[in-house]
Amino acid sequence: MRVSKFDRPYESGRPERHQLRVENISLSFGGVRALTDVSLTCEPGEILAIIGPNGAGKTSMLNCICGLYHPQKGRIMYGNHNLARTSSHHLPKMGIARTFQNIELFRHMTVLNNLMLGRHVHMKKNILTALLYWGWAEREEIENRRFVEHVIDLLEIQHIRKQMVGSLAYGLQKRVELGRALAMNPGLILLDEPMAGMNVEEKEDMARFILDINEEWGITTILIEHDMGVVMDISDRVAVLEFGRLIGIGTPDEVRENPDVIRAYLGQDHGGRS
Amino acid sequence: MAEPLLALNNIEVIYNRVILVLKGLSLVVEPNQIVALLGANGAGKTTTLKAISGLLKPENGAVTDGNIQFEGKPIHQLDAAAIVRRGIFQVMEGRRVFEHLTVEENLRAGAYTQNNPLETRRLIQLVYDYFPRLKERRHQQAGYMSGGEQQMLAIGRSLMASPKLILLDEPSLGLAPLLVQEIFSIIQRINQEQGTTILLVEQNANIALKVAHYAYIMESGRVVLDGKPDDLVNNADVREFYLGLTEVGSRKSYRDVKHYKRRKRWLS
Amino acid sequence: MMATTQCGVFHESYRSDMQLRPTTWQRLRVVVVFAFIIILPFVASAQNLRIANTVVIAAIGAIGLNILVGYTGQISLGQGAFLAVGAYSTGLLMHYYELPWPIALVLGALITAMFGAVFGIPSLRLKGLYLAVATLAAQQIVGWFVRNWDPIDGTKADGAARELSMPRALFFGDKLNDSEFAFYVVGMIALVIVAVVATNLFRTHIGRAFVAIRDQDIAAEVMGVNVFQYKLVAFATSSFFVGLAGGLTAVHSTNISFERFTIDVSIEYLAMIIIGGLGSISGSIYGAAFVKLLPEILRDVGLWIADQGWLASGQLDQYLPFAEDAAFGLAIILTLIFEPEGIVKLWSDLKAYFRLWPFSY
Amino acid sequence: MTIDTLPKQLRENAQRFGNKIALREKEYGIWQSISWAQYLERVQHFALGLHSLGFKRGDIVGIIGDNRPEWVITELSAQSLGGASIGIYQDSTTEEVAYIISKCDMRFLVVEDQEQVDKILDLWDEIKGVEKVIYYDPKGLREYQHDFLMAFPEVEALGAAFQQQNPSFYDQSVDQGKGADIAILSTTSGTTSRPKLAKITHNNLIGMGVGLTSVDAFGADDQFLSFLPLAWIGEQMISVACGMRVGFALSFPEETGTVQSDLREIGPRIIFAPPRIWENMLSQVQVKIEDTSWLKRRVFDWSMRHGYRLADKRFAKQELTTQDRWLQRFLHWICFASILDQLGLRYMKWAYTGGAALGPDVFRFFHGMGVNLKQGYGQTETTGICVVHADGDIKFQTVGKAMPGAEIKIDPSGEILAKGTMCFAGYYQNEEATAESMTADGWVRTGDAGYFDDDGHLIVIDRAKDVMTLHDGTKFSPQFIENKLKFSQYIREAVVFGGGDLPYVTAFINIDFGNVGKWAENHQLAYTTYTDLAQKPEVYALVLQDVERTNADLPNAAKIQRFLLLHKELDADDAELTRTRKVRRGYIAKNYQEILDGLYSDKNSIDIQSVITYQDGRTATLNVTLRIESLRK
Amino acid sequence: MFKRFLIITVTLLIVFAGATPRTSHEATLAQDMEPITVGAIFDLTGPTSDVSQFYAQGMLGYVDWLNANGGIEGHPIEMISQDYAYSVETAENLYVEFVNAGSVVFQGWGTGDTEALRGRIAEDEIPFMSASYSATLGDPAEAPYNFLVGTSYSDQAIILMQAMLDEWLDQGYAAEEMKVAFFHNDSPFGTSPLDDAEAWAAEHGIATVRVPMPRGATGFDAEITTNVVEAEATHIIIQNVSSPAALLVRNLGDLGLLDFVQVGCLNWCADELLINGAGDYAEGIMGAIPFAPTSVEREGQADAIAWLDETDGPSLAESTLHYTQGWVTMAVMAEGMRLTLANGEELTGPNIKANLETLAEFDTGGVTAPITFTAEDHRGNRALHVYRVEDGVWVEASDLIDLREMEMDME
């Protein structure tokens, strides 16, 4: 069976997309408040950026959404599920994927295997067939490989397909991590500083990929990013956190003009490519 | 021209005995200057810094060819500790501070080459002058500070060794715009007031070219372009691939990025 | 970048791309290995074949341990215990239920798998050294059980010594504990199956999940891997193979006593996978061979040296056996210093050296 | 029914080979294949799709893009409808593209991706006649809402629907085709001026295929990787003409950047590549050998020494002794096999170089390693090739003998003339040029000067008009000197001037960055960029040695007296090379008039302003000071 | 990379160069007759090496002495031996190798290997002796080819208890007031005598308790507190090797219990090493010692003393009683072979077994009680002297206590 550039493999097998509603969540670690009464929504298909100074609680927010932290107060509703009370390994089944700020790839696996792990939830778990690698297990591997190859093509990482992730440059690792999340064929993707440590050229690539997955694959995207150029260009809406509180949310233009945001985060030279 | 403070001559770096990372890389750092090293990820910038500071060995890397001269003397055979004693201090990417120590303990740890307690006190005061925020948090555990404060601490700690040359690896990584501006203006002040030479690796070409006296651009383990920032910002490739400017000089929108790239020429 | 393939080898389907041995050379190596395996029993002396058999058993056990330690990153000091469970359950099944040995072997391995899964439970909370200590408990508990559990005595006419007396296992009329040839056939078939099956495992999502847990358990969790469940599966799978090795030890012996399954054995197996290469099936086999053959080779070399008359006979042999221990320790230290990734890395370096011939990158 | 057109051949092949693989493309990690039957089906659909869109007999479809199945499908589709295709180099500037499009009155364009679509959009106002632009890689095109844009599968779907309605239309259309119909237009390499469009007929292509395959009997099972631009006649000649004739599988690489590894995977048995490719491979081997360990280098040196000895024996047509043959096998086993493996040449049976002259040293090197490398000679006007070495009759100074079906003669002025089935049908809409290119009795003027040696092998001197008359009256070929210079591993490209009004011989030289860089590293010479390295006095001294070595074999008047190392590599984007990477001597002379003047003055250095062109058409000016090295006593 | 290969290879070679593990003790006196091959394994580096090394020297010493004195009917003995570090697996490997090399009899060492090889030697018909004295091994129905030269552990324990009981009664206590704690190695070796000993104690109204001694323990205070102090044991019998036994004795001494509790050792700790290890605390400890300690003079030690002297070896006292133990064990095996040859029979396992079974009241010069094997009983004797440590040496503390005689008396 030929795989064509005109295929749209992401159109089948993806869980339904829902609105994400974060409702009054508060999170604290032993008295230190990371998030205080934050509420926001993210509509299906939109790109929502979360910005804010270092330590404002942006990553904590993502961790709450994907089940790594459980907020003490509030709900995070995705469809009928309250994510605030769900273990993180259940999230992929609901179609939620994420990447990490400090790259949490499986360093001793090839790029291909990292991406194949993204397909984990789409594969049936049966240790016996796995051991024998007979027929069924092999077919399943091949089917999922096909999907993964589309991700590889999208992210232009063909040349490193069979390299160990640990040996790759930082920028490529970021790309692979995005690929791994994408391989899940999620409905909602959470990206934690996808462009940190990249030069303009690499950021352009990454922006292109994010737009591709958002517009072509139709994946709802929530991202944390410091580069205002990128944030203002590609996001539909921007949420601003400071000291664990939401101090503004709106379209890039609205946020750009918000005095609180300028004071806390942007500075005078805001909106520039810095 | 006076002898350069640091000169890398044709160094070749190989990791794990087979992976060639730097090939025939040469660059020169003049005293009292800020020299920026720009380039994409994987171009070998961090490797270059590690080659200078002797930190390749722990990562199974080795300078297999060429030499590195510091104040006219070869240092590429020395181990990391000896290089620090010669006056080169590397501030690692990702703000590696001692998380369980307080700010002040971190600074004292940075002064381990100092034997004179008076001098140590003077240096701590100096660091606090540059980074008032650190003074505010002097008794706080470093691990609980925000990314920007940790970055400040990492730079401050490097000052404690009174180095002649600071190797600064991506000070802006993961920092909010306001903080980036703040840190870079401090870096510039340190360079001007202390006369400390700085070799700066940075992805944010915009700000790096603003503070640097000279810059090198690396691609695939080689220098492809070098020159004064003023010249470089006029180079078409730098403008397009490092500054994100369009032909007429306005900022390109990230929405309009193409799926193909123009070939780079790297001519100047 | 290093090319991993050879000129003229290309894949027109994912199936062929995902094959284990795509190039001619790799296939040739497989043929050579199989030829060696088949010819060996016909040319080796009985005692050499016996040594080969101990290597075979050790290799199966080492593969099992490597699945847990090397691939999944869960350190275990309970190898001896798991081997004992395999050996005793196989033996007792044969003794009390008079099960044919192949069935007893498989059931024994399954019992060990369950046992392993139970001892994997602490891995939910414990990591690294702490988990190692927890598995050490398995060693102690099993040791105690073996020394004190009455049914083991019952296998003998009088219950003086606590050993399991093994009923005879026959393979085409030959006793497995007597005919080294017969055992070689059985053991080698088992090893080949285990090696293939374990290799297959790591081509699938289940095996990948194991490695993911080792490399980044949080990320694995976020990818939908139920980390705890998979750790238990890893413990069970590993223990299954270890139990099989234990069962084979049992059918290879006339009596089994707890002394075969002490903590020393656990450490010896860890040495095998460290020297051979963590996270590598073939490394497990190399390591098992190295650890089991090193003393034999040392002995032959020593003997040869003695034959040359280079050493005065008599006094020296009193303390020279320590050379064996020293060599052992040295091998582990040298491995850790020079090639922490083990023999398998040396081998792949060697292959790389020739693959890139006559270039060096 | 005779097979006189390529579409007929395709139909025949689909019948004969059925499910055997015809096209193979590295995509999504594997070599996805298309059988001959599928190939025909896709051509049918696409052709009928084009027909539905209004493609008429005699129309010309332009193709811009990397080598992909869609490229040849488009070509065959156009031919099936009685039209022709023209390949446009994908790195062509917008100006070049516009020229060709308007020259052909093109209505249909098939392009690869966003890059090419953008190029067309930029030109849209200039290229009025174009009706449809069909793309085959949709990446990044989701927001392009132009009516004239169509995806390749859409056209195929149209065609499939048409086929339902008119099941016999395609076959009728193919049957109407005649051998004398134009199959493709091919741009001449244009070292001097704007490209001309040569009309190549089906007869030409098939005739060329018959000729070449009768010299070397390719088979249906031989592998071939199509990685050179299909717009180039050389690529058309092997992959389309010969490939279609014998039915071998055509493989397309994944991307331009992966050609090396794709070549290695496929391990082709046939390759036709211009000298540049061979020179690159040599340079790659040289750099890597420099860097390898002592033992490995010794093994290589020893093997090469004996390899050369055996190759020379073969060139001299001496019988190899049993001992020699065993030595050959041993050398192959111990050294060459693995090098060839890494280069992807391990299973090479017939390797050709053509399009320009290959330096004898490079030629000998590959023969030393046991590669059956042959020179071919021809030009666009002779469908790429008309003279070639036959097996066992290889001489490195010559280009071999005329292929079956071709005749070669030298006219009194020394120009090489060719005649035969592969000679083209004239230039498209350019009677004047057509007339100039042929003699009255139908011989094609090649424009090259040459002669036959004692064995009847053709020896090509140079472009006839490049042959220079030196101040003492002797004639000399600059290309000869250039190739001699290029023997040196430190010299990548050279442009030699002299003759005519010029009082002595001079040269522009491009250093080989890899090898000179390596040399600099070994000699503790620090450098940063290409420009920096090229202007080092030490590098001048290094190159000087090679220039002197070249001079030693040259008559006095032809000796190079002054040279300089250029600050940048000659580049097709700056129009200094043709798209097939041949030096455009005239353009360079004009463009670098300042430098040339400097070479003929007493100055030791000159300051110049040089303009470089970026791919997107932007230009930038560089200010450089170039040193001049003088050999005058 | 090759540099590293080189370093590793060279280092390994250096290590190799230092090793000659297996030794062949061939005739030192020129003899024409065909040598007799005897396989033996010793623990020279393993957990029991402290005692096994002397046992090994004794056995090898006897072989050399015998060869120097005419061998067995003119045949020299070629002993092939090797360290097996108490690894059962290695023992099995070596057994197969030595039997293939022509061993007609085999000298084993520990309980682990003896038990593991028991079935195999019966099938291979190889007469087998070892320093493991489990009572089972003396039962030909269970272990047809095993022979016990020393008194079995069970018998040792019973004899020791008999001696203890005698003293206890002499001191005016009743048997019912006696309570024996068996401190034993936590292994088949350690538990081997317990069932029999407990049965005997029960018969005599003596209370008992088992106390396992964990391997590698650095102190036994906990065991002592529970099982001696709180349970008010009056006697302790140790079935373990010398080092842990010495440690136990020191612990007892440190706790001041030695004045209240009588300690006794079975043979693997009742030796010179215990005295070295326990120092003054060893005073008064009783020992069930089947092979006479070096501190008492026996006729049977004379040859060994002379041989050690002749070969400039260490003194017998330095070589401990395990030297004589090895010496005598080999001597008994040699006697079996001598009888076979003397009877004109071929030297095969079954023949040697049959001839050993004719051995009656074989005198070992007083080192052990006379040895008698029959087809029904492979326990060489069931008698020994109980010893006691006095002034730092073992002195005889009882007459020969012979269980066979006692049983016959009872019948």
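When the chains are written out, they are named A, B, C, D and E in that same order, and each has its own residue count from 1.
Criterion: a residue touches a chain if its C-beta (ideal position, glycine included) is under 8 Å from a C-beta of that chain, and two chains touch if they have at least 3 such contacts.
This one's a predicted model, so the numbers in the text were calculated from it and none came from an experiment.
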Path length in the contact graph (chain B to chain D, fewest steps): 1
Least hop count linking chain A to chain E through chains in contact: 2
Reference chain C; chain at largest CA-centroid distance: D
Maximum inter-chain contact count - chain pair: C-E
Closest chain to global C-alpha mean, per-chain Cα centroids: C
Most widely separated chain from chain E, with each centre as the mean of CA atoms: D
Separation of chain A from chain D, taking each centre as the mean of its C-alpha atoms, in whole Å: 46
Whole-Å gap separating chain A and chain B, where each centre is the average of the chain's CA atoms: 30
Interchain centroid distance [CA atoms averaged], chain B/chain E, Å: 73
Where chain A and chain C are represented by their mean Cα positions, the distance between them in whole Å: 41
Chain A: positions in contact with at least two other chains: 145-146, 149, 208
Shared interface positions of chain B, touching two or more other chains: 17, 19, 258-259
Residues of chain E touching at least two other chains: 1
Of all residues in chain D, those that touch chain C in their complex: 21, 24, 29-33, 223, 251, 261, 264-267, 288-289, 291-293, 296-297, 299-300, 335, 338-342, 344-347
Chain D residues within the chain B interface of the complex: 113-115, 118, 139-140, 517-518, 520-521, 524-531, 568, 571, 573, 612, 614-616, 618, 620, 622
Touch list for chain A against partner chain D, complex: 2-6, 145-146, 149-150, 152-153, 158-159, 161, 208, 212, 215-216
Residues of chain B that touch chain D when the two form their complex: 7-10, 12, 23-24, 26-28, 65-67, 216, 223-226, 235-236, 247, 258-260, 262-263, 265-268
In the complex with chain A, residue positions of chain B that touch it: 19, 38-43, 93-94, 144-149, 170, 173-181, 203-207, 241-244, 251-255, 257-259, 261
